Amino acid sequence: MAISVGKAELSTESQSLLATLSPGKRTRLRRLLYEFGPGSGTLLFLPIDQGIEHGPRDFFPNPASKDPEYQFRLAAEAGYSAIACGYGMASKYYPAYAGQVPLLLKLNSKTEVPPSDEPLSPCNASVEDAVRLGADGVGYTLYAGSPRQEEDFIQLGKIRRDCDRFGMPLVIWAYPRGRDIDKKGGRDSFYAIDYAARMAMEMGADVVKLNFPKFNPEKDKDQPAPYNELDVTPEEAVRQIVESAGRALVVLSGGSRTDDETVLSHTRTIAEAGGSGVIFGRNVWQREKSEALEIIGQIKETLLSHVHRIP
Amino acid sequence: MAISVGKAELSTESQSLLATLSPGKRTRLRRLLYEFGPGSGTLLFLPIDQGIEHGPRDFFPNPASKDPEYQFRLAAEAGYSAIACGYGMASKYYPAYAGQVPLLLKLNSKTEVPPSDEPLSPCNASVEDAVRLGADGVGYTLYAGSPRQEEDFIQLGKIRRDCDRFGMPLVIWAYPRGRDIDKKGGRDSFYAIDYAARMAMEMGADVVKLNFPKFNPEKDKDQPAPYNELDVTPEEAVRQIVESAGRALVVLSGGSRTDDETVLSHTRTIAEAGGSGVIFGRNVWQREKSEALEIIGQIKETLLSHVHRIP
Amino acid sequence: MAISVGKAELSTESQSLLATLSPGKRTRLRRLLYEFGPGSGTLLFLPIDQGIEHGPRDFFPNPASKDPEYQFRLAAEAGYSAIACGYGMASKYYPAYAGQVPLLLKLNSKTEVPPSDEPLSPCNASVEDAVRLGADGVGYTLYAGSPRQEEDFIQLGKIRRDCDRFGMPLVIWAYPRGRDIDKKGGRDSFYAIDYAARMAMEMGADVVKLNFPKFNPEKDKDQPAPYNELDVTPEEAVRQIVESAGRALVVLSGGSRTDDETVLSHTRTIAEAGGSGVIFGRNVWQREKSEALEIIGQIKETLLSHVHRIP
Amino acid sequence: MAISVGKAELSTESQSLLATLSPGKRTRLRRLLYEFGPGSGTLLFLPIDQGIEHGPRDFFPNPASKDPEYQFRLAAEAGYSAIACGYGMASKYYPAYAGQVPLLLKLNSKTEVPPSDEPLSPCNASVEDAVRLGADGVGYTLYAGSPRQEEDFIQLGKIRRDCDRFGMPLVIWAYPRGRDIDKKGGRDSFYAIDYAARMAMEMGADVVKLNFPKFNPEKDKDQPAPYNELDVTPEEAVRQIVESAGRALVVLSGGSRTDDETVLSHTRTIAEAGGSGVIFGRNVWQREKSEALEIIGQIKETLLSHVHRIP
Amino acid sequence: MAISVGKAELSTESQSLLATLSPGKRTRLRRLLYEFGPGSGTLLFLPIDQGIEHGPRDFFPNPASKDPEYQFRLAAEAGYSAIACGYGMASKYYPAYAGQVPLLLKLNSKTEVPPSDEPLSPCNASVEDAVRLGADGVGYTLYAGSPRQEEDFIQLGKIRRDCDRFGMPLVIWAYPRGRDIDKKGGRDSFYAIDYAARMAMEMGADVVKLNFPKFNPEKDKDQPAPYNELDVTPEEAVRQIVESAGRALVVLSGGSRTDDETVLSHTRTIAEAGGSGVIFGRNVWQREKSEALEIIGQIKETLLSHVHRIP
């Protein structure tokens, strides 16, 4: 095992994640990486927690998407690595899909109603709930840089400990948020996302879910040095972010609906940067089912043809 | 089991709630749906927690209603699915009515004295209390959109977990409340109630108690898109709200006293929209007992003749 | 068991409290109601927690009253139903009086030093402490309507649960307090005390301790409807308050020292209204011992000759 | 056992503390009162927690005093009833002195850095820690009248409960503090200290540590009645304060360094008032060791020749 | 064992730390002091928690330093007493280095994003985690003087207790911080660091990590007496600080990168003052690996040739 210096070796090094995991984590994460979804060590997650995070308004573009049954069926038919949702949905809809698509139980959530200057996402479910449901991973939203980081870290620490105890893979939704991050370039800045990637790894994530950084000259100068003076391409930024997450795998999230070209280009970028996959919700289910299946096919193809990290 | 797309199939799908529940939940919920009350899969609850939520002022229109004994007797005589009340009342009055009417133990409550811009309803009883009392369900008030949602979600998460542990049906009083919801159309807006319905389901409700949405052009434009521009009938709104609750059953609550026509029309609307029943308190016991029995009879009849969801 | 409608039957109904209690609660409460104190189902408590609630200033009128030994001796000699005090006093002085006078252990307390706009009385003792000391009841101060009601309800909920677990009678000091109650007629208003009585019962009290309402035209109009427009005699108000407490027994507290006539008139009023007794501290021990014994004798006589509720 | 009325009998009554204690508390407290220190039922404590309460600045007058080893040696050589210090010091220095001087483990502490308008002293050690170390008592700082009294009472309640569980004597440092006490005559007023003495006893103290009251016409008039109009000598005030503590023993603390005459006069005053001893830190170790041993000798002599309470 | 008076004997006394520790602590700490690192009773720690404390920006000067694998390899190759990092990094990278370099698990962390006027570093890992990973010590950041000291002390108290329970050495990062310390000379003042050293020892630290004090005439006069008027050399200040930590060992931290001369001069100063070593992060890994190994060699040499405390 050689010392990692620079880019190429980093990728090589980071391929050994599974080897460092406990048997329980390895068994479950391997299922997501190789037995379901696109396979070959990639990850394709279908998130369906928008009903609580944003309310039912996300379902208007495609009314069928409001029915959880629709989403589970979509995830199973399209061949996802896992479907990610909260306890209420998992307990009432997942049983019928056991064995057809793995479950990634989202443990915490909040609504969009109160302002998000001091965000915290409270747990309403536990790792033990995930074990009981037969899930193959749990999801936790960490609001990187929030003024309430103390509560967040303590809560996440307990979840992480239970993940170790039960051999359950931990997927961290690492979202920079809050009034202080807004003053330092904002939640989409390279600084913020790079920091979030590192935090998630240092807190014990096995997989980190990140947004694609956005460059905005106006706000970027508020970032702490040296970010405020960097001149990097998005591709390079993503590569550095993936490196910041170290041995933890990185999946890119999509956010609100965008055009197909961007969807596929982001998929390629993350794959080439050493990431492991994508987690697109609205970009998938805010369209008719046949169209959804089509774009999913393209995403899979893009992912498989560009990924080069073997975890 | 077909994929649910659109309205009709949703109803079909949602009939299978009992089938997805654990034996304990199924046994108890079935008792409420079929063995007591109007039956045929409907729910008729008598709520009597106004003494703590509003104080004894609600009892002045019909002084006899202040006596808990009166309420238990009314629930038993009139044939309710269950009587919903807090621990103090349940422990001192329910024993004499065991077997005559099921108990739905309300676990949390607050007074109306402090302002409600940051509401939270603290638990004073537990699911284990409900088990010990022989209850067939527990009730929890969730203040959807409250600035204190973190505490609310954590508290509800524990109750939900205990419901799973003991096989106890969970009925969520899903009330949009607080200063932030007031800025987005208010607690009675379609947006707020639709969101609350979804939240309750995603948090693990088996039954969701909701208010009837009110349309108010002045305030409705403050709702987030697309709600601020929707042009829907109340009936359509209720139908969408019921859909947002997915497989969880929906019961409509009455609020302060209104005329009989509205009571019955709301009953019909919720039944036709795929809901399972109603929970009317002041509209029932703020009148003489004979009148109460009469309106209850009409509610039952309306419910049974319009309900079409078989859970 | 007939339905309670109106005044007379309510009294009849409420006589059955002991019958609804668990064996442990029944055994202990019966001791207070029949074996000690004036007997015949009445309650006469000697409260001695003023040293912490107000500081030693209450003891200046009668310096001997500062010595806890004096108070325990007084309670035993004068034949009280129980002496109510905190853990420190109970643990150091009660042992010598075991069997001579029952103990009602006060579980929570606070000082008068900080302002009381957001009051909360924190527990420094537990129901298990009471069991170990051989107490026959526990006392809990609930600040009805306080902005910190969430903490209060949760704390009380735990105490209530332990009371059920150990068969220990729960006496709630139901005091309306805090900035919000001040805006709605104040802590001595009919609205506030009626609400407090109901809350205590709904939270699981076996006995409720209440203040005598005071009428004040200036402030009474700030009460919520219909209280702001009621025209009732003090006697009628007390009767309604007792009814609001349902099957829970009601004892009237005295507050700061007043003239003997008022002491006895209040005793008669509460007894005639269906209450079970009184809890007078300063009105008793802020006078020489011989005078104290005399007024206690008169209180007992008044109580026994007017009480008509048999619990 | 006669009823205590007035001064003389109070003293008699209060002699019986040991008799009311559990075997564990009696064994340990007896060791402090009779087997170590001046004996004959007196208490002489050496406090060495100033390093955390004030920082090392207190050690500049006598640099040797900074070394905990010096303090333990001083306590052992000079024959103290016990040395009072926190866990860090106790765990690293006490073992070598086991059997030479008893340990009074101070469980909570705070720094002087933040302002003290809302003080709370958080526990960093437990009664179980004290048991494991072989301590003969624990110390707890109660900030009487602090706006954070709720947290204080709850924390103290748990410590008190563990003291009962393990038979460990509880010494309460009863310090009036915080913005509200400042408005009512201040932390050194007769009102404040009298109240603190009572609180400590009512919270379950076996020994109460108090400051000597200071009279200040300017501030004394802000005290609540009747304190604002009292005309008492310091001796009489101390006597009343000792009475307020009831059966709990009282030790006087010294505070910042003063002249020897005051040290001895305060010692005499507390002893004559029915107190049990003194706890002087800076007044002892802020001088050369030989001088310290000399003043300690004088304190002991003064104490033994004036004490008249036999606990 | 002689009484420690003055400087020379203090050093002698403080050599006995290992002798006072429990077998578990002694075994583990001995490994750091004698079996790994420079040996001879010294400590050389490599801290790598900057990714979470400051974000990845610290890694830009030497991109390879971002890879945790690089850091573990560096620590093992260069022969450190231990590598100090958080759970995420330890769990994924340490296993491959077990036996090559000891692990010091950092239990708490926070980001630099929110302002630090009320800092608190929340635990995300436990002592039990450290035991399971095979660590030889745990690290805890204490923000001395923070307005949130209550939470800090309680949290640290629990960690300390678990350290005793498991025989795990406790290393306290004692950092003066927060708005109140800023008003009293600031976080780098002699007052602040002297206080922090004492606090850490009194809270139970086995090893204290401190910053080098900085003298600043402008701010130093805001320090409490007598610090505001002291005229001491940096060497003397460090000596006094080491004394304030008593028997706890002291290691000096480096902070942001400085010139090599300062690095080595600080190393010499701490060693001569009775300290046990240094913990330099950025000063080491913000340079190329070969240069890092070179400066490490010089640090070790300096340390071994000047240290005179044998713990």
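Labels for the chains are A, B, C, D and E, by order of writing; each one numbers its residues from 1.
Here, a residue touches a chain if its C-beta (ideal position, glycine included) is under 8 Å from a C-beta of that chain, and two chains touch if they have at least 3 such contacts.
Not measured: the values here are computed from a predicted model.
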| item | value |
| --- | --- |
| Superposition rotation for chain A onto chain D, Cα-based, multiple of 5° | 145 |
| Centre-of-Cα separation between chain E and chain A, whole angstrom | 35 |
| Centroid spacing, where centroids are CA-atom means, of chain B and chain D in whole angstrom | 57 |
| Numbers and ranges of chain B residues touching at least 2 other chains | 151 |
| Contact graph of the chains (line, ring, star, complete, other) | ring |
| Ring of chains, enumerated from chain A in the sense that reaches chain B first | A, B, C, D, E |
| Chain E-touching residues of chain A, taken from the complex the two chains share | 1, 3-6, 10, 13, 17, 20, 144-147, 149-151, 153-154, 156-157, 160-161, 164, 178, 180-181, 184, 191, 194-195, 197-205, 224-227, 240, 243-244, 246-248 |
| Interfacial residue positions of chain E with respect to chain A in the complex | 49, 51-52, 55-57, 60, 63-64, 66-70, 73, 85-89, 91-93, 95-96, 108-111, 113-115, 120, 122-126, 129, 132, 151, 289 |
